[in-house]
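Think of it as A, B, C, D and E in the order they're written, each chain with its own count starting at 1.
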């Protein structure tokens, strides 16, 4: 019995739990949590089994279901592709989903929430969509589940629909990502129209579109490039797809939904915004990296967007007071790093950071959630403090997570972030244009360290600054268990790819790189090596040759500097805000660079008036013409009937006149006289 | 036929037009009736003149019918005019304008 | 004879219901309307046509042609048949009518027998429209739809129902007559002896954009555009929709609009492909305009029903875009969109209706937090709204995706203009999300508030049942579009071949 | 006994029967001048008319049942002819008469001049039947007057009613003027051709008009004036709105349906038989062109004016003018060169007149019903009538939609075929005008339906105190005919087309 | 002879037309009726000249003897009626 026989079940198990929760959830003990836990646990086990199988040198592809029967070479189907990348992602997603389900028992069930079946149904559907997205074998299927993920985020963010803010945040989340997905959908359509296929990998007789594109660039394949040069067209397509990525991964300028999305329950934040939905964007780029690697323009754009976002979001995180807001901005920032990595061809580094970030950010969110439960749903850090002693497990795990986020040796975040920066520097030294991205990312490291420890210090250190913080209540196993698991992972996950250590010792310990490079098994062409070649050969991006040690040290130093500053400013039993010193910059950061205002302005002062104008125009002019024709007819009729004066003499005259006119007219026409 | 046919046509046309003129200008219903008689007679002149021209009796016969029907028409018309007189107290055709437009 | 049987059941049923007392009319109408549903589903399962009804090939359930009367050199014939395009639409009609009848039980509280009788009458006519293969018969049914609709809007509608009914009536009638003259003028230039659509199509094959063909094309286009409706001849629709009672809106949006697109496909795009392609820039421009402009208008509305009404204009724009693409997925997707939009917009209207039954207001500003009070209804509304936005695995996505794929790669415009036009039109999916999400946020979520003094209770089961059935169908078609898309593609393929070298 | 075996003189049996019925009524009247025995008077009239309907239908079916057109029987030195066309219109006229008589039974229940009324109707009907059979300009004129004179009296029969007498006056005055014009036109045609028998006129024209083209042209225009009066076509329509509005509603029904049809049949026959278009057009007398002008103007004026009426009866009066415009297409779209085409056009027009006879009569009879109830004349007064009189209102809705040309009623088919034929003859613009005005007509017809079915009564329920049997039967019968004419349309149109074909031979 | 006939035609045409014009022009309806009699009689003369003596007789009989009397009668009736009504109203 092969592991892959059960591959469909990885996604379908959570779907079943969704159905159970939706239909009979309210009659179950724990209102649907248990099926969810069981399903995600099952998915996790099957994913691990799949990883084991992939490690055994296999990959898996199967067409599950023909959505539309193949015709004219256009195949719309659902298929599974399990290769090293997707297998790894499956494990991450199902693990985090599992832990979030467990955590939710403590966070939601124990707090006496209503509407829990809806909550667990949402979680189940979300997990299902995400898993299906991860192992999708083609762009269309990926898009479809990408959208479903968006739907679930809408449902989950808006879980507390009885209040004002959550539904609004949910709307914003969906709408902003939808805006990105608009471009994505054009991209999908364009890819299918260009290549006739949306396959990611050339397997089972299918041809993948990245390879077709490569062949087309080499002049070996003939594709419809819609009148553009092949390279330009592929760049356009890539950019279009990137629109979806920017939306979902909350990159500038479509990042604004993510902080608002913190209105959702905290476990949901952990699930959606730490490890899965937001990761979907970056994962997508990685998934079709063979396509992006073809265009240096695209790569540069990705790198720049990533670098800018990393810095931009980090600065805003510095001044936030809400613990979840800080995490939200850090999330945006961290995904910026992944984008940088992808932009500079550092496929492994991106994936690596994706993984470690999933662990430590989920950890941080869950930790924040634990704090929030303990403090009776208090989220303002200035009303916390001193929780270190009351919540030791939470504190220590949270600290691990923070160290990882800040990029402090030897926690996982250090290794992955360091690799990102290192690779960016390598490319940047050869291609100066990328150096900017590197610089921004490096600067962001400082801010990351600062806001992370500002958060830790304010939350856990010092004296309790409110009754809630003082009376923080104890937490159950269902809260602690996920924290511990993630804490361990956040601490050690970095060890699978210790680039500086490898460089220093020469030991072959870059397991992740080997994994992604197909050492154990992969689809041909979907490997790190293949992408590297593409980036170097087709895009022409060369890499400098320096060792990883120095850049690592620099990154670490910057991070430590940030931490140290936070320590100086906020390690105080009664910390002050200090933000006033930033002056106008504080306002700018606090108000998120007025990005929300700009978008709201766009919606409220441009789109809405435009639509009102259109409506006025429609009612007045277009409908006016219609009604006008009607009233003109009636007025005409009214005029016409006025000849009926009621005077029989007039009638006789008109008859005579008519007769004469007829006579004269026809006499002239007929030439009678 | 010594008198050219055109003369008769002109005569009848003249009579027809006078009749028409009467209809258009007079307000008394009876005048209306008399004007119509003039017009019918104009037609009769034509018919009889052309009967002579064409050498058949069709025109004359038809003229006979016209005379008869004109008489009948007058009879009906007077009935109607009397009704009008009863209802409106007048035989002025411009009085009866309760229905218009 | 199946088609005739269905029509006969509907028409006779209509008379029976008209004569029945008000108390039993609803139940009776429902029972009668189930017969066409069963019949059409049986026909669907037994469907074996692979051709196009106009262009040849096997078509299913064909009867006739039987000559009815000879007018000069031309014979008016009875000729019925279904192909892959009309079969789904017939099923849509029967199913939607039954559900609309079911959804009418709550809101319609006077003159029930007349209401249900007219509904059945309309059903019979609609089946006739989709099945008729002779112009005369088709036109009879086409016009016959107007009469019940006029009454349904005018008697049971909202405050401005009379204005809306007459506007609908006269506007669409003018359009029909314009179309009629154009078409007949075209036919008389041909060497045919009947008004059979297949024969006319065959005789028209290869007709280029001659002055007559062009004039006829635009006369027909104008006529059908009103029905669809396409901007700028759409203004009867919001009035009619808003004033019509819920079940009637369902039929109006669900099936009646499809008459227009169906006719566009059958007449303009199947019979005169060369002309269509010649004037494709114009048609594409109208399609894109309908999509974007309709969506913008929807954005400006504050009445739930108006929002849904305007969104129909937007959705129908996609159909036009797909039709003019002349690719399998373009034309097929357009056809699929007809069915899909029928289901989804029907669902939306029904849900709005159920909400209205409870709240007695449809103004977005008058209510909030309904989800608290009527969770199932709101759940369905949310699902339907997402269906409307084109959420994958619901039929709306499939339809839009097919249209986009089809039109994106179409060559009907030079310099790959179709790709650009498609990209622009696709922006509609963002705007549609915008106004639906906005409306939902305001009305469904947040703290419960209501301006009107009504006690809100969850909707009764009989109101919710049709919603769930429709939702099920929407999802079913989204997951398995080939249930109908396969037959649609079979039927539209000849259209493309007829379209020349595209 | 098959109709073919009857002696020739019996061909006019429908007219004889009507004339005899009129005589019987006179006899009854003279025996008992003050009789108000409605059953006897109306019964006699109806029986006689129905007998006439029966015979006419029998003859018509017998005429059209063969492979080709049946025989054309001429009587009285070719002055009278019986063929498909005449029988077709005899059926229209007599059917309408029967319906009108049926409705009059209740409508005139309190009228002191019952016998006069019935005999006048029958006499007018006789005149109309003769109009259908006239084969000479002389008989045309005589029968036209025979139909007109009783009509004048009928319109003003409500002696104490100002409207009725005003209507009678206007009808009469315009009628007298028109008949003067008409007879003058006849005299000119006679002058140009030397004959009044239609076929002889055609034969004379075939040999040329001898420099009388001018006379002929003026004569033809004047003839058209006469026909236009009878058919209430613009600009000779001025009498119609007032006459229809002021007259008792059954009389309005009679005039607007039967009288109009009779006017059309003489126009058809005279122009097709006496003035073959290809011959006279060469002389510069293109009467088809004149009819085109007339048709367009009539359709526009009739429909537009109808759209703005507030009085339902007057609206119907204008709509009946509009329908004259449609029927005129039958002459307007004749091309002269292609008998097959022309027969189709003419047949379509005939069929429209038949169907129009049913639906328009029905509509006016509904007005009669409303007048009987005395609830008022305006649209507002009609509001909510469907609540108290659903069946009559349903029938009215059928008439309205049928008049507007909506399926599934026969008005749809007849308009459809008519427009079809017009477009077929190349006159798409005629059809376009027809179509646009017909769409406009939907507006005002639907106003009636709206008032009946959609509107609430202004104050309480309308006063409907009785359900007069005669009017109801007549209305329901008219509705049934309107609906049934659709399935029977094929048969009817075949007959009409065959009859028209025979006319062109 | 021919001239004589032409002369007679001209004379009677003049009478016919002028009396006809008189019918429509004179104010008083009595005079109009009388002038109509003149006109119709002169038309009868034309008939004689056109060799339609029988018709001329009929013309005189029917018109002068019937129609004109009828009209005269009506004139009297309506006049009287008007006077009466005027009396009644004043």
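Operating definition for what follows: a residue touches a chain if its C-beta (ideal position, glycine included) is under 8 Å from a C-beta of that chain, and two chains touch if they have at least 3 such contacts.
Please read these numbers as outputs of a predicted model, since none were measured by experiment.
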Shortest contact path, chain C to chain E, counted in steps
3
Partner chains that chain D and chain E have in common
B
Enter the minimum step count from chain B to chain D; a value of 1 means the two chains touch.
1
Using each chain's Cα centroid, which is most distant from the centroid of chain A?
E
Just by CA atoms, which chain is the most central one?
C
Cα-centroid distance, chain A relative to chain E, in whole angstrom:
107
How far is the middle of chain B from the middle of chain C, if each middle is the mean of its Cα atoms, in Å?
64
Inter-centroid spacing, chain D versus chain A (mean Cα positions, whole Å)
77
Measuring from the mean C-alpha position of chain A to the mean C-alpha position of chain C, what distance in angstrom results?
36
Can you tell me which residues of chain A touch two or more of the remaining chains?
630, 641, 644, 646, 648, 652
Give the residues of chain D touching no fewer than two other chains, as numbers and ranges.
169-170, 173, 177, 181, 241-242, 440, 443
For chain B, give me the residues that contact two or more of the other chains.
19, 23, 33, 44, 49, 81, 86, 93, 96-100
If I apply the definition of touch given earlier, which pairs of chains qualify?
A-B, A-C, A-D, B-D, B-E, C-D
Can you list the chain D residues touching chain A in their complex?
169-170, 173-174, 177-178, 181, 213-214, 216-218, 221-222, 224-225, 234-236, 238-239, 241-242, 283-286, 289-290, 293, 300-301, 303-309, 318, 440, 443
Counting only contacts in the complex, chain C reaches chain D at residues 68-74, 76, 136, 139-141, 143-144, 146-147, 150-151, 154-155, 161-162, 165-166, 169-170, 173-174, 177-178, 180-181, 184-185, 188
Would you pull the chain D residues touching chain C in the complex into a rising list?
340-341, 343-344, 348, 401, 404, 406-408, 412, 416-417, 419-421, 423-424, 428, 431-432, 435-436, 438-440, 442-443, 446-447, 449-450, 453-455, 489-490, 493-494, 497
Using the touch rule from the top, collect the residues of chain B that touch chain E in their complex.
2-3, 7-8, 11, 14-15, 18-19, 21-22, 25-26, 28, 30-31, 33-35, 37-38, 41, 44-45, 48-49, 51-52, 60, 63-64, 67-68, 70-71, 74-75, 78, 81-82, 85-86, 89-91
Which residues, counting only chain B, touch chain D once they are in their complex?
5, 9, 12, 16, 19, 23, 29, 32-33, 36, 39-40, 42-44, 46-47, 49-50, 53-54, 56, 58-59, 61-62, 65-66, 69, 72-73, 76-77, 79-81, 83-84, 86-88, 93, 96-100
